[in-house]
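First, the structure itself, so that you have it in front of you.
Chain naming follows the written order as A, B, C and D, and within any one chain the residues start at number 1.
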Amino acid sequence: MFFASDNSGPVPPQVMAALTTANTGHVMSYGTDALTDAVTDQIRTLFEAPDASVHLVATGTAANSLALATLCQPFDTVFCSPVAHIHEDECNAPEFYTGGAKLTLVPGDDRMTADALRIAIKGQGNRGVHGPQRGPVSITQVTEQGNLYSLTELRALATVAQNYDLPVHLDGARFANACVALNCTPAEMSWKVGIDVAVFGGTKNGLMGVEAVIFFNPAHARAFELRRKRGAHLFSKHRYLAAQMSAYLQDDLWRDLATTANARSAQLLDGLQGLAEIRNDARANMIFAALPRALHQKAQAAGAQYHISGDLNGEDPDGLLTARFVCDWSIDPTDIEAFLDLLGKA
Amino acid sequence: MFFASDNSGPVPPQVMAALTTANTGHVMSYGTDALTDAVTDQIRTLFEAPDASVHLVATGTAANSLALATLCQPFDTVFCSPVAHIHEDECNAPEFYTGGAKLTLVPGDDRMTADALRIAIKGQGNRGVHGPQRGPVSITQVTEQGNLYSLTELRALATVAQNYDLPVHLDGARFANACVALNCTPAEMSWKVGIDVAVFGGTKNGLMGVEAVIFFNPAHARAFELRRKRGAHLFSKHRYLAAQMSAYLQDDLWRDLATTANARSAQLLDGLQGLAEIRNDARANMIFAALPRALHQKAQAAGAQYHISGDLNGEDPDGLLTARFVCDWSIDPTDIEAFLDLLGKA
Amino acid sequence: MFFASDNSGPVPPQVMAALTTANTGHVMSYGTDALTDAVTDQIRTLFEAPDASVHLVATGTAANSLALATLCQPFDTVFCSPVAHIHEDECNAPEFYTGGAKLTLVPGDDRMTADALRIAIKGQGNRGVHGPQRGPVSITQVTEQGNLYSLTELRALATVAQNYDLPVHLDGARFANACVALNCTPAEMSWKVGIDVAVFGGTKNGLMGVEAVIFFNPAHARAFELRRKRGAHLFSKHRYLAAQMSAYLQDDLWRDLATTANARSAQLLDGLQGLAEIRNDARANMIFAALPRALHQKAQAAGAQYHISGDLNGEDPDGLLTARFVCDWSIDPTDIEAFLDLLGKA
Amino acid sequence: MFFASDNSGPVPPQVMAALTTANTGHVMSYGTDALTDAVTDQIRTLFEAPDASVHLVATGTAANSLALATLCQPFDTVFCSPVAHIHEDECNAPEFYTGGAKLTLVPGDDRMTADALRIAIKGQGNRGVHGPQRGPVSITQVTEQGNLYSLTELRALATVAQNYDLPVHLDGARFANACVALNCTPAEMSWKVGIDVAVFGGTKNGLMGVEAVIFFNPAHARAFELRRKRGAHLFSKHRYLAAQMSAYLQDDLWRDLATTANARSAQLLDGLQGLAEIRNDARANMIFAALPRALHQKAQAAGAQYHISGDLNGEDPDGLLTARFVCDWSIDPTDIEAFLDLLGKA
C-alpha cells in the first residue's frame, strides 16, 4: 500500500534487461557511443522533430535547471506557478544554474492561466535596467497538484510567451502520464503547442534515473552540453543512461508504463469516491483527496504510505485532511483493493 | 585491445546482481532508504572513521566540485597541480560550484611537492583583500599522469596545508588502484595522512556511476547535502547508487577490481619493456609510454584504442609519440597479449 | 517642481567643502586612511555600538546585496516584502551576490506584519533539503511606499526572526528620514530593536554616493570586506567616500538634511489635503496621493516632475491616478508653494 | 616623497570645479542626465568611434569584470598575463562576474608575446566539452610591471585573438600614461589595433573614481548595462561620475595629467641612473628599480613611501631589493629632488 511517490518503485524488467544487454565490452564514454546516438534519434522520431537536439541527464532537477539556464540570462526572471517544482523543490537549483535569475510566481494555483501569465509578464520588465528582465516561461505538465493543462491551455500559455518573445520550458517529469491522460502524441504536447524545450521524464515513470531534454531549436545544443558538463551532469558511462532510455522507447514502453500507472490511479480514484472528497482532476497518476483524520490514522497504522497535509495527530477525528496518493506502474492492483477495503471497513 | 580509458568497460556481474536485488518493492527516495544507510555505515567502517559523513553522487566531477565548494569561500583559491582533473577536465565545474573561487596551479608536474605547495601558498593570500584568499589543497591520487604519491608524500602535503589551516581534498577517482598499488588501507591513504575530505571513486573501477564523498569531520555534512541537492545531484531513486556501492564494498570487490586492473596494467607494462620508453611510474593502472609513430600507426590500424599525444600522421616514422594506456578490470589478458604481439612483430 | 526622487538633487555645501578639504596630499588607498578610521569610529559612536564593524560603499544596492550575501548561504531564502527594493529594483543583485539565494515574498503590503512573517518563515524550510533554507529577514525603513514601521513593529519582526535564529537586515536607504520621523536615535532604530546589520544610507539624503553598512556583530567583518572587494566595490581613493560621510556626521548634518526633507514633504502634504486622497502615512519624505488625471496633466504640462502609476493619457479626466512625491533636502519651499498653487487653481 | 601608488594623490582643481558646477538643481538619475550624454559623446569623438557604446563605472575592477563578463560565457576561459590585475588584485571579481569562468595564465612576464598567446589558446579548448572553452584575451596597458606594449605588439596579440574569433579586452587603468608614452591617439591604441572593449581609466590619472568602458561594437551595450546594474555599479547620482569625466576630457586634461605624471617619473628615472639598476622600460609612470637594502632603509626612515619586494630588514646591507616607484600628476618635482638627494648622499 505505497502511494507516497512515483520515485520509489522498482524499474521494470525491460530496463534491467537493457542494462544487462548494454553491459558488454568497451564503448566510448561521455555520450559518444552508438547507443546514445540511437536513442537520441529515436526521441527525435518520437517527437516528430528531426532537427531537435536531445540530451540525457540523470535527474529532473538537472534537466530543468540546465534547460532554463540555457534559455536565460542571469538578469532575467523565469515565470512559473507558485507551486512549481523548480520553485519549491529544487533548493535554488534554478537560481544556481542560471547564475542568479529570479523566479516570478504567477498568481493562482498550479495551473497558470494565460491571463495571469500575461499580467505577470507585463508587470515585470517595465523598470528598465532596474528590475529583472523577462525570461522563460516554465510550465509543469502534469502539475504538482496532479492536474493537467489541456492542449488548448498549453497553446494559450505559449502564445502569451511568444507575444513577448519569451521561450517556453516544459517540466515534463510526468510527461508520459500527461500524454496518456490527454491521449495525445509527444509532439502534440510539446512543439505543436509552442514548447521550446521539453523535459521528457523517465525517472518517475520507471527508469532508475534518466530524463531527456529536448530543444526543438537546436541552436542551444552546444551551450547546453557545456553547461551540462560544467554542472557535473555528463556521465562518463553514458551508455547506462542510454540503455535505460532505449528500453523506455522500445515498443512504447514509456506509454505502457504511464498507462498502467494512470489506470492504477483510476482504480484507486474509483474506490475513493464516496469515501473521500476528491480535490484535483486526477486523470493522470496523482490523486489529492480529503479524508477524515481517523481514517488516515487507521490507514497509516495499517501500513499505508502516502503524504498528508496537516496534523495527523490533531484532535478532531472527523476533521478532513488532504492526502496525496501517487501510483506508479508497479503498484499491485490487489494492494489498491486492500487499501480501499481498509478504508471501506473503517 | 581497448586501453583508451577506465570509464569505458562494463560493470562486473556483482554490480548487476546488486541492482537486480535492490530492484524490488517500494523504498523511500532521496537517500533515506535502508540500503543507503547500510553502505554509508560500511564505508565508515572501511575507512575506520565512525564519525565521518558519507555521501554518494554519480559523477567524479560532482564529487570534487561539491566537496571543494563545501570547504571553500568564493573569494578563496584552491591549490592543485597544473594537470589536475579539476583544472583541466571539468569545464569550470569547481569555479561554478564554489561560486567563483580560483584555482592556483602549483608549479611542477602532476605530483606536487611539499616545497612547491608551500611556496604557492605563501605566494597567495598576502595581498590583503586584493588577492584571493588561501583555500583548500586538492591532491589527486592516482595522478592524471598515472603516478602515485607515497603515504609520506601525502602526509607532507597535508602538513603544509595544516600549517596554514587549510583543508585537504583528495580526488580519488582511482582511489582503489592507488590503495592496491601502495598496499595500504583506505584510512592510511586518507585521514591518517591528513586528508579532510576524500572521494572514494567507484566509476573508473567498475561501477556505472557512483562516487562516495567522505568528510572525516562531519561538521560539513549538512552544507554538503544542501549543495548536492542545489546542484541537482541528489538522486530520487538513490537505492540504485547505494546498490552499486553495496556490491563494491561486499567482500572488498573494490580491491579485487583494482587489483585486477593494476595486474593487467603490469602485464602490459612488462610487455612494453624494450619496445617503448616508459614515462611514468606505472604502478597503478595507467602507463604513459613513448613508441615510434610507425608502431602507433600499425597498432591503431589493427584496432587498438588508446590516446596519443602528438600528430599520429606526422612525417617521421621513427618519431616517438607518447601514448596513454589505461587498463580496467575487464580487459582480457589475451587482448593484451595480442596487442603486444602486434607491437612486437612490427 | 521636482518631486520625482531623492536621488536627483545636489549635495549640500558641507559635503563639497569636505571633499575639498580632503583633497590634499597623498594618503593611503583602499580605506586604510585616517579619515576612514575617523568616520567609522564616529558611526560606532553615533550608533552606540563600540564593537560594530562599519564599511562604506557607494551604492545602496551594493550595501544591501553585500550585507545579505554575508549573512546568507546560496541555498537559503531571504524574507522580504513584495515591494522591497531588493526584489523589485536591483536587477537580481541580491541573487547575484548571494550566489543564487531566493527571495521569499511575505504576503501583504510594504510593511510586513509579524504574523505574516512568521507564517512565511514557517512555510519555508520544512521540506528538508528539497526547498531553500530559511535565511535573513530584510526590512526596509522607510518602506518603498513611504510608510514607517514603529519601533515596536520593528522589534516584533526581529523577534520573529530571532525565534528562528535568522539574522535581520535593515535596508536604510532612508534611515535618516525614518529616524527623524520617529524621533529616535540610530541605535533605537537598529540594534536596540534587534537589527543585525543596518544600512545607514547617505545617497538619498544628500551625499554623492555613500552608504555605511554596519554589522553590530563584527564577526562578519572580514567576509564582508572580501565580498566588497570581490564585488569591485572597494574604492581605491576611499578618502572621498570617507569625506562625504565625515560631512554627513559633522554636527548631525544627516539629521538636519532629513529634517528638512521631511519638513518639505509635510509642507507639500499639508497643501495636498483637500486636493488629493493621501494613500500612505507620509511622515517621512514621500507622499503617495491620488489626484484626478486632468490635474496631473496640467501639473506635468507646467513642468512638475514626479512619478504616476497608471496611464496619464487615459480618457476619464476625473479618474484618480496615484502619484509619488518625494522631497529631498534641497527643494525650495517656494517651489512647493508654486506647485500647490498650480494644483489649487486648476 | 610619495611613490607608493597613483591612487593616493588628490584630484586636480579642474575636477573639483566640475563637481561644483554640476552640483546644482535636480537632474534625472541613473545616467539619464544630459551631462552623461555629453561625456559619452565626447568619448566617442575622442576615440573616433561614433558607434561605440560608452559606460561609466567607479572602479577599475568593476570596469574589467563587467567588460569580461559581457564578452564571456561561464564555461569559457580568459587569457591574460600571470601578473594581470584581473588575476592577482581583484579577489576573484572576474570569476564572480563571469559566473565562474577561468583565467588561463599565458606563460611569460607581464607582456604577453603573440607566440605565447597563440600557444596558450591552442592549448585550451581542445578537450571538447571537458575543458573550458576559449574566451576573451585580456591585455593590460601599461602593464603591472610598468612596461608598454608597442602598437605593433598590441596588433599582433589582437590578431592572434581574431584568428580564433576571440574578443580582446584592454585593461587601461593607465591608458592615458600609455598614450602619452607611445605618443599615439586613443583610437590608435584601441580599435585600430583590434581591441574590442577598452577601459579608459580615470582614477589612477587624477579622478576620484571613474572609468569609462568602451565597446567598439555596441551590440553588447544592453547586456553590459544590465550587468552593471545587477553588479550594483549603476550610480543613481550619475552626474557626479559624468562631471569628473567631463573635466577629464575638457582640453585633454587626461593627456596633460598623464604627461605630467610620466614626466615626473622620467625625472625620477634620470636621477636613479647610477644609483639603481632599472628593471623595466619605465617610459610611463612606473619605475621598477633595484637598490641596496641599506639605501632603502635610509629612504624609508626619512619618510619616503614606496613598495619594496623582499625583506627590508634582512641582513645584507648591500643586497639588492627591487622597489616600485609610481608617480602621479600631483607629485612635486622638488619632492623628487629631495628623494634623489637623500639617495645620493647615502
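We take it that contacts are C-beta pairs under 8 Å (C-beta built on N, C-alpha and C of every residue); 3 or more make two chains touch, one makes a residue touch a chain.
Keep in mind the model is a prediction, meaning the values are calculated, not measured.
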item: Which of C-D and A-C has more C-beta pairs touching across its chains; value: C-D
item: Chain whose Cα centroid lies at the greatest distance from that of chain B; value: C
item: Distance from chain C to chain A - Cα centre to Cα centre, in angstrom; value: 42
item: Whole-Å gap separating chain A and chain D, where each centre is the average of the chain's CA atoms; value: 51
item: CA centroid of chain C to CA centroid of chain D, Å; value: 34
item: Numbers and ranges of chain A residues touching at least 2 other chains; value: 74-75, 90-92, 96, 99-100, 129-130, 133, 226, 229-230, 234
item: Parts of chain A lying in touch with chain D, wherever the complex brings them together; value: 30, 73-75, 99-100, 129-130, 133, 223, 225-230, 234
item: Of all residues in chain C, those that touch chain A in their complex; value: 74-77, 88-92, 95-96, 98-103, 105, 127, 129-133
item: Complex interface listing, chain D residues touching chain C; value: 2, 4-5, 7-11, 16, 19-20, 23-29, 57-62, 65-66, 90-93, 96-97, 203-204, 208-209, 226, 229-237, 240, 305, 330
